[in-house]
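In what comes next, chain A is part of two complexes: it sits with chain B in the first one and with chain C in the second one.
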Partner chain A sequence: LHRCPTAMDTDPVKQSFQAIKGAVQANDTFKNVTILSKLQSIKPLDMCCVTRKLLEFYMERVFKYREELSVQISRGVSSISNSFLPLQRTVQPCKARRLCPCSEEATRATSIINSNYDQLEVQAAVIKSLGELDVFIAWIDKHYHPEPSTA
Partner chain B sequence: DGVAVLPAPQNLSVHSTNMKHILTWSPVVVPGQTIYYSVQYQGEYESLYLSHMWIPSHWDSPIAKPECDVTDDITATVWYNFRVSATLGSQTSAWSILEHPFNRNSTVLTPPKTEVTKDGSHMVIELEDLGPHLEFNVVYWRSEPDAEERSKLIKNGGISVHLQTMEPGAKYCAKAQTLVKAIERRSAFSRVECVEVEGEALPL
Partner chain C sequence: MKNVLHWDPPEGLTGVEVLYTVQYFIYGQKKWLDKPECRKSNRTYCDLSAETSDYEHQYYARVKASRKATCSKWTETGRFYPYLETQIGPPAVALTAGEKSISVVLTASEKWRRTLEEGAVSMQQVYPALVYNVSMYSPQSHRMWWQCVANGSLVVPWLEPDTLYCVRVEALVPGPPRLPLPSEKQCISTLKDQTQEWKIK
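Up next is the complex of A and B:
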């Protein structure tokens, strides 16, 4: 089975997230609620679809809302959002080449994530989604180990 | 706030070498006065989704010199825009925007300065420290016909690294290049440096 994309370089995102992780997670007032639920049950076949949809989720529904954030967190979010662009451009060709199918389960999983987000007021949902970025990145890393670069 | 009578800074440009990015502009001159400047940036994400949003540069504003180290602002391999305004007392100029957005994949990569030495019979290399983004590929060999080249990836500069143990009477050489994973590029190789161990060559 040809895996697409073959690798995802998440290092830039991880570095940027580490810089604001503490401040963001400290601002999360709904500790007992999770937005990125069900990720662990995603099948390998649905990896590309869910990755693409979640990248889009963050770009469209999370990184845009910064007005109430501090300059330090806003800079961090800018850094992360700009690091997401190359990741999107890594996944986009897979969809173009029909190598990024979405099963019913994948579509349902991402719908649940969006409705989890909708249960909260926007600013609270943004903070929580930002705080769960390490869950998303760890999930991507687990499935897309980059091939070792040859010297 | 101050009426924009002060002229806006002109000729903004980014000079980037080995992933260190410096924004410069032509100074605004008012005889006998010190002009201060504010720098803001916008990544490609902001220009696509939040075009009204500009972020203050990490480099502390206001700045008195007509240049600013924007290395810490540029954290992704995408396009970045910069704008600068001048301030004199309560007067603030209009913003002046970089004519062409900057992408760090255009940075100039120079071969690293190297120092190849011997520590007894050990071949050692030290490379200049060029900051967190740059790694080094070192190629080294024994100077003889059909020599086999070997290579070693060195993550940081500024430290001595053992390359190999040498035999008496033989000459050993090395060269190095910088690698930047974030932009998937490498520099040209440095000049070749050799060291030789005195003494008789070992019998075959």
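Up next is the complex of A and C:
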């Protein structure tokens, strides 16, 4: 099956996140709860669907509430949010070309993520979701890493 | 992925017998867990490799100091994510010399194992996008080469015969920058030019 998308450039997101990671995770006081559970069990077939839905999750339910955070974190979130736009544009054609199917499992995995978010009060859920961005980006990198070109 | 927690003794108590207790927390789980080998210990480090061996989880650790009947508060780490933060050891490097070339064969380092019975897991399996940064240096000409290699082998051509070359290799993986751990410098000489030999006879 043709893999779509073939690669995702996550470096801009990683750089912006690295700058606020310590502050964001320090503000997450609920260690016993995670938002992005079950990511590691997603099958290759469902990668595109879950990636698309999680990009949307972050844009609609996390970055949108950045005003409620400290200035430093909020500024970092703005640049992360800007860096998500090209990622969404990378995935969008896959859906248009029906190369981004959503199985029942993929839909269930993303609804679990949304219900994890709903268990918490909005600000706590936003902070926790932000603090787990490294997990989401590492997951994307692991599956969509471009074939390294030898110099 | 050997993960060792280090800390400094409390200020003003260097040389005084202080004992330390360590606990760790698996992000998303319910409670802090003890590390028996690091309870009431006088060492200022604690090996948590076994406890953090699932590199796709995230962890916290905390330490408290005690002296006689008094105890300090806990000091806690930030969230530790082995997959993105553990240093990656260098590969094993095998060099073979030709007359005007050197072949470099690299074998990825392995994940830290609790016991030898545990199956070996190569860093290549953990990081599919792992690449090697190979640097070669000629002590005689002071020339230097770098090459990024994705698979485990490389032949460096157009070298001088009968000349010493030294190689160092570092494994690079995606994610935030990590402290580099290059391989030991290894040197080898290219073979003598056979054509010259025949002319002399």
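Quick note on the criterion: the second predicted complex is superposed on the first by the 146 of 151 C-alpha atoms of A that agree within 3 Å, B and C clash if a C-alpha of one lies under 4 Å from a C-alpha of the other, contacts with A are read in each partner's own complex, and residues count from 1 in each chain.
We adopt the following convention: contacts are C-beta pairs under 8 Å (C-beta built on N, C-alpha and C of every residue); 3 or more make two chains touch, one makes a residue touch a chain.
This is a predicted model, so every value here is computed, not measured.
Look at chain A after the overlay: chain B and chain C fit there side by side. In the superposition on chain A, A:Q25 makes contact with chain C only, while chain B stays out of contact range. After overlaying the two complexes on the shared chain, residue contacts for A:A96 are found with neither chain B nor chain C. With both structures placed on the common chain, the touch criterion links A:K142 to chain C but leaves chain B unconnected. Once chain A of one complex is fitted onto chain A of the other, the partner contacts of A:Q40 are limited to chain C, with no touch recorded for chain B.
Measuring only between alpha carbons, the smallest separation of chain B from chain C in this overlay is 6 Å.
Under the contact criterion defined above, the residues of chain A that touch both chain B in one complex and chain C in the other are 149, 151. Against chain B, in their complex, chain A makes its touches with residues 9, 11-12, 15-16, 59-60, 63-64, 66, 71, 74-75, 78-79, 81-86, 149, 151. Here chain A touches chain C in the complex through residues 14, 18, 22, 25-26, 28, 31-34, 37, 40, 131, 134-135, 138, 141-142, 145-151, going by the rule given at the top. Chain contact summary for the complex, chain B toward chain A: residues 43-46, 49-50, 53, 55-56, 58, 73, 75-78, 137, 151-153, 179, 181-182.
Listed in rising order, the residues of chain C touching chain A in the complex are 25, 27-31, 56, 58, 60, 78-79, 81, 83-84, 127-129, 131, 146-150, 174-176.
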